[in-house]
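Given below, in the form of structure tokens, are the structures.
Paired with subunit B in one complex and with subunit C in the other, subunit A is shared by the two complexes that follow.
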Partner chain A sequence: MKNAIQLNPKDMINAVLLFFVIHTTQVGVGIQGFQRIVYQDAKHDAWISVLLAGLATHIIAFIMIKTLEMYSSDDLYGIHQDVFGKWIGNFLNCIYLIYCIAAFFTILKNYIEVIQTWVFQNVNTWLLTATLLLLIIYAVTGGLRVIVGLSFFSFIFSLWLFPMLIYPLEFTGNSSLFPILESNMAGILKGAQSMTFTIIGFELLNVVYPFVKEKKKVKKHVHLGLLMTTITYLCFMLVSLTYFSEGQLNKTIWATLSLFNIIKFPFIERFEYLAICFWMLLILPNLCLYLWAAYRGVIRMVNISLNKVVWIIAFLTFLSSQVIQTRTEINKFNDYFAHVAFYIVFVYPIFLYAMAVLKKKFSSKKEHV
Partner chain B sequence: MFNKSFKLSPSKKKTTENGNKDKTQEKEASESTIPSSSIAFVQAIKDATHHPADLIVKSIPTKLTIVYIDNLVNGQTLSDHIIKDLYKNTNEIPETIKSQLSIPEVKLSSELNQAVSAMLNGTVLIHTEGYTQVVLANISTRESRGLQPPENESQVIGSQVGFNESLSTNVSLIRRFIMNADLCHESFTLGEQTNTSISLLYIKDIASEEMVNTLRQRINDLTVDALLDSSVLSEMIDDNSLSPFPQMLLTERPDRFCEGLLNGKLGIIVDGSSMAIVCPQSFIEFFQSREDQNLRWPIASFLRLLRFSAVFLSVFLTPLYVAALTFHYEVIPQSLLVPLSESRSLVPFPPIVEALLLELIIELLREAGARLPTKIGQTIGIVGGIVIGTAAVQAGITSNILIIIVALSALASFTTPSYMMGNVIRVIRFPIIILAGFWGFYGIMLAFCFLLTHVIRLSSLGSPYTAPFYPPRWIDWRDSIIRLPIPFTFSRPKSTRAKHRKKYEPEPIKPEKKLN
Partner chain C sequence: MKKFRFFLIMLFLLVILIGCAEQKLLERVGLVTLLGYDLGSENLLSTTAVIRQVNPEFQSNIEIINAENETSKGTRTKINRKVSKKVVPGQLRVTLFGQELAEKGIGQNVDALSRDSVISGSLFMAVVEGQAEELLTYKYENIEDIGQHIFKMLEQNIESEQIISTTLHEVAHDYHSIGEDIAMPIIKREEELILISGVALLNQGKMVGKLPPDDSFYLKLVRDRFEAGTFEASLKSEDIDSSLMKDPPKELSVVLDTIKSKKNLKLVKQSTPEFDLHISMKARLLELNEEIDLGDPKNIAKLEKGISKFISKEISRIIAECQEMGSDVFGFGEKYRSSVRNSELTNEKWHELYKEAKVNVNIDFTILRTGTLD
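After this line comes the complex of A and B, so read on.
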């Protein structure tokens, strides 16, 4: 293919690492409070919504890999240019690029909001934003190898959070899960759609794909990563559904953090304080990968260095983070973003696959003639 | 687009090196020949070395003159094997002298420069009146200290010999451990003023060619004025010289050095320095001691885990104290909060000042202990530790609990088996304490993420610093923060890109050996 990316084998990553990349980009700020959003639609069958959403990610990932496999070593931006031609392709690339920056912005904003609400009421937003952005700039300028490394360590270092779910288990009663399938199907499906904001991230495979060494193993590790995420979300959802009462869950914005509230050690109480600060490590690979994906889009259109792109985007993010400040504004932005993301992540790949197949048939016919 | 530090060969000052070559060539052209008359020869030598007081010139009838520098040559050999022989000898042609001297290393030279530099290395020059050739008889002797146990990397079990300052002794120590024809020994000279000899050692059959070439290139590209210690060299040829983390191991243990070579690493020994360089070295390997191989595996694994947790403790314990007491009282359980606030009730400072003060005192004690003679050092330790510690608490400047925490983190930082790495751990604590004082747990986490990113960005001789964890090399995990039994650890670390990954073909494991 004409747009194929030529890469030095040293810059490439092992397929095994895709597991960590996919899992850590999915798990981020969303997990702190996805329970309420899904619960509002699907009630106590919310866990079925989680399962459905997980299933959807598998299907979409399957289609995405199919599309990518048609081009031996190319990313979404190159495929756009190939399928739709230069102008429309670049227009679509712009949209995707803006989507990546928006995702970057949303994650950053949400995390800072959590910090300000739970830990530091008085620290300025700009200070938190600036420190986080500096950290991200330092990581992203190291290149994909460093970002994937962060994903890997973020996964390893946060494994200990999982057993923490045992503490709230003591106070759960599984009666609140029954009767199963009480809410109607529409509600459950709507709940699954509400999972969008929490479960996205795996679409970055579109950009990372050319950098993977063993293309044949991509499928296995991507699906394993998705499975791991689905299991994680399912566990958190089940524990939350059984731990909180109906009214409580409707009011709790960050249910996961409230779950951690109960955890007590002989030397530590109010565990969520630690957890929230620790969450930085969980969102870091998220942020870095989105920023990096945006950079990959930019260099498709303009010849510019990584450092410049990163600094420019960081600066823009910093400025716009000063605009959106209050809870309602953030919530609104999240909703908008989730809406758009749903179409970009879950609907668009199917369309793109169809287009790519058509294009291939068309061009192969031409060659025959 | 990718990590810059992954470049294998940094280009350092190539142009200056070429310039120097030109200069030396000019010099050689003008004054390179050896005069045929003895008087002119002695004068030329004296001029070249600026009339040193320890230059000895001795005439031997009828036509011979010998020139050498006192104390650089072995006096016994000089009188027994050179002067005696020369007196007996009647044939005074340089060729014959060369073949008749009963000394292993004898050469002929007709270049003055070569003769002078050989003389500075402990060679006796034998000049015959009327000839433009001179005999170089190498009988050099070097004052060096005897072999002593390594002081900075002491070990309970295992070899108790350490490197000393003599290059030849050190190389011979390594040859004792590795009696192998594949052990390559390349020699370099660095330092325009000092002309220090450097040896690059590796095992041809194991070490990766590419790495050897890279390292050779880096050494050749260096232009330095003087080289007095290997630590300076290691900093100059590191992948990232600006990082606080050392990317090459400095060790004074021959067995640790040889272990590296056997794993496919490269070693550098600098003359006059008792520390040898081993590279590439990953972050985790700095915390592994050679002794871990000598102990039974469960014990070794336990000790390793202890050491790694000590590092975390040492870096994060004081900052956690500062963060918790400044911002997050809620995190501390009631039962612990009471004794904490009781002990802090008299302290007039905020926790960050208190912590910085005490950490500084500990660092002062440590620095004083390192500079003072051993006997006084111990006394200072006792005076500092007990007197200052107790008095500080009684005076109400610090709390008891902080003293415990600071002492614990200081103790923990000593467990690192590499002094260079121990120093890093001791220093990076301070910025983290300050961040914790400003932004609590958020600050600590920020520092942790920065450190993590930094460590991931680093590389050692082109191989990742975080190996074997990232990129994950599962087989190497067997010998990382734990050590599995020897039958399981049959492979060399992948980060050295050794030619043969396996040390031997693993056999099926037999847990118990029965007597026949």
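After this line comes the complex of A and C, so read on.
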């Protein structure tokens, strides 16, 4: 407990805002094309996989909060140092830090890929990356409160995207959902695992937790945020399953964007262009929070200023974004990342909780002696 | 102050970014509004593009250019060599397929169109009787912009539910679906007019037959649903109760409009598939070619029964015709797939089963009102 973070109330956020933080970090680039990845495993029962994955997030979040509650006001990095000691703790911190940077990189890369495929075929990757990075640096150096504010506005301003699902509904038929549960359980579970890349983001609670003012209300708002995400994904999945036919969904990389392809307004003919550009607002809180989480990890180990960390990570991201260029490479990287993320986000918290409980029992025994 | 500097840099960069995007000024590009694909010489793809060039001072002019190449995008480069303004496909509204090409298969073209992110999913597709190039290059007296003309004609007819809707999305959907085949309107030139002359039936992207335009009503009835359709039925004397008219003529013609329909399809037998197709229709009676007292509820009931019988007979006939041609445009296969657990249906397997399938048609027809007269 020696690592507890001392914070000025001015730097802290209200528990209500956690709803927006959790929801906006989950919804990002994944939602643009998660349908195909899940469909390949679970076929037309993919929506059940979405529900299962949603359920898993609730369970994991529950365990995470349990772990965090054992330490009154500390984040994952501090817990690591307390449970595993300095060396192993810092090693684990490094892994988590790299994970955050990898997540940051993946989101950025995927979004730029979408822009290059749909809107600006001729614009160079480095220019788009640099522009986005500058925007992110500007927001992150403002501190957590600015990032959380960004989450809030990102949620409010993107609410109108939801009703747009009504337009493709005209072309749907429910017969493609039947027979329910035709795929075997293994396929459905595998589909739920494929949701990882889309549904992660809520693990950042590990880092944000000490900054929340009313710790008792954390549970409620986190679970509400997760529920909101699950409902959103479920709606998109159901509409996609009924809108596309089998072969089509297998081929469509960004099913959500292709859904919007059919929407036409008198004043804007190609709605998906607007949606893609607008998507930047959806991924900004994602990117900012991951970068900020990485920074929190760095200052645990090295004494360095926020500005320096942010610039260094941004520069590294910029360089590596030049390495991965083709669709195949991006897909490969996504797969690797999703695989690792599955263990870090869904398996590791259970282990950490067990370790923390053991450690507590062990040390309290020692005190008695 | 530091923040402000950041903001300035960003703003500056964003402004520069505008210059990086490829400019597409309206006056400097030619908008392709319609593409016609034909089977060219030596199995090449022949593309005819209707290009609209917007001119701020004069009326915009229409150019029709043809090129042949292996692929559709290949023909685009060739077309570009023949025009003064860069050709862009963002305003593409209609794609036509020559009959010969449709019979050979349109799958590759449908794929190429869906792959291109510039092309909208809501463009219309149709088959041309004969060559698409011929239809497009003919100098029509009264049609100025043929691209716009064909688009408006298809759009108007789809909206008034005269023909089935065939947007790129729907065609791609059926093309990649297991239990549903593509149906597309057929258009042709007749003297100075272009008209819809039927419905093309496809099997896995290959045209296998067609139905006359009057039958497209029944096709839509089974495949889709009606919100407000119009339809003329010519009832034969055997359909009608003989007491309805004093001296029964050979045919009784009835015009119905604001038709609302709802279909309910059920699979009742699996081994040799048997379906129960129940369609309930509600419509307004608009015109009769005989004098019948419609104030009498008995007469209305008799008429309803007659129309039901007539429609169900016609539907059975069309289903049998489509079965013979081997095209499941009604989506019976989709129903089969969704009702049979672990059927592992494939396209080939379904088309085998489809030939033997039996469909029991049951129509429930109601006359809602009879206009302002009884």
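A few notes on this one:
Heads up, the rule we're going with is that the second predicted complex is superposed on the first by the 369 of 369 C-alpha atoms of A that agree within 3 Å, B and C clash if a C-alpha of one lies under 4 Å from a C-alpha of the other, contacts with A are read in each partner's own complex, and residues count from 1 in each chain.
To be clear about the criterion, a contact is a pair of C-beta atoms (placed from the backbone, for glycine too) under 8 Å apart; a residue touches a chain by one contact, two chains touch by 3 or more.
These figures come from a predicted structure and were not determined experimentally.
Contacts of A:F153 after superposition on the shared chain: subunit B is touched, whereas subunit C is not. With both structures placed on the common chain, the touch criterion links A:Y138 to subunit B and to subunit C. Shared-chain residue A:F278: touches subunit B; no touch with subunit C.
By the touch criterion defined above, A:S245 lies against subunit C but remains apart from subunit B after alignment on the C-alpha atoms of chain A. Judged by the touch definition given at the top, the superposed model places A:A102 against neither subunit B nor subunit C.
By the touch criterion defined above, A:P266 reaches subunit B but does not reach subunit C.
When the shared chain is aligned, subunit B and subunit C each come close enough to touch A:F120. In the superposed model, A:L161 makes contact with neither subunit B nor subunit C.
Residue overlap on subunit A between the subunit B contacts of one complex and the subunit C contacts of the other covers 120, 123, 131, 135, 138, 142, 264, 269-270. Interface residues of subunit B, counted against subunit A in their complex, comprise 1-3, 6, 327-328, 330-334, 336, 439-442, 444-446, 448-450, 452-454, 456-457, 464, 466, 469-472.
Only residues 3, 6-7, 9-10, 13-14, 17, 20-22, 90, 117, 120-122, 167, 169-170, 172-178, 180, 331, 334-335, 338-342 of subunit C touch subunit A when the two sit together in their complex. Residues 117-118, 120-124, 127, 130-131, 134-135, 137-138, 141-142, 171, 173, 175-179, 182, 243-248, 250-251, 258, 261-262, 264, 269-270 of subunit A are the ones touching subunit C in the complex.
Within the complex formed with subunit B, the residues of subunit A that make contact are 8, 10-11, 13-14, 16-17, 115, 119-120, 123, 128, 131-132, 135, 138-139, 142-146, 148-150, 152-153, 156, 264-271, 273-274, 277-278, 280-281, 284, 306.
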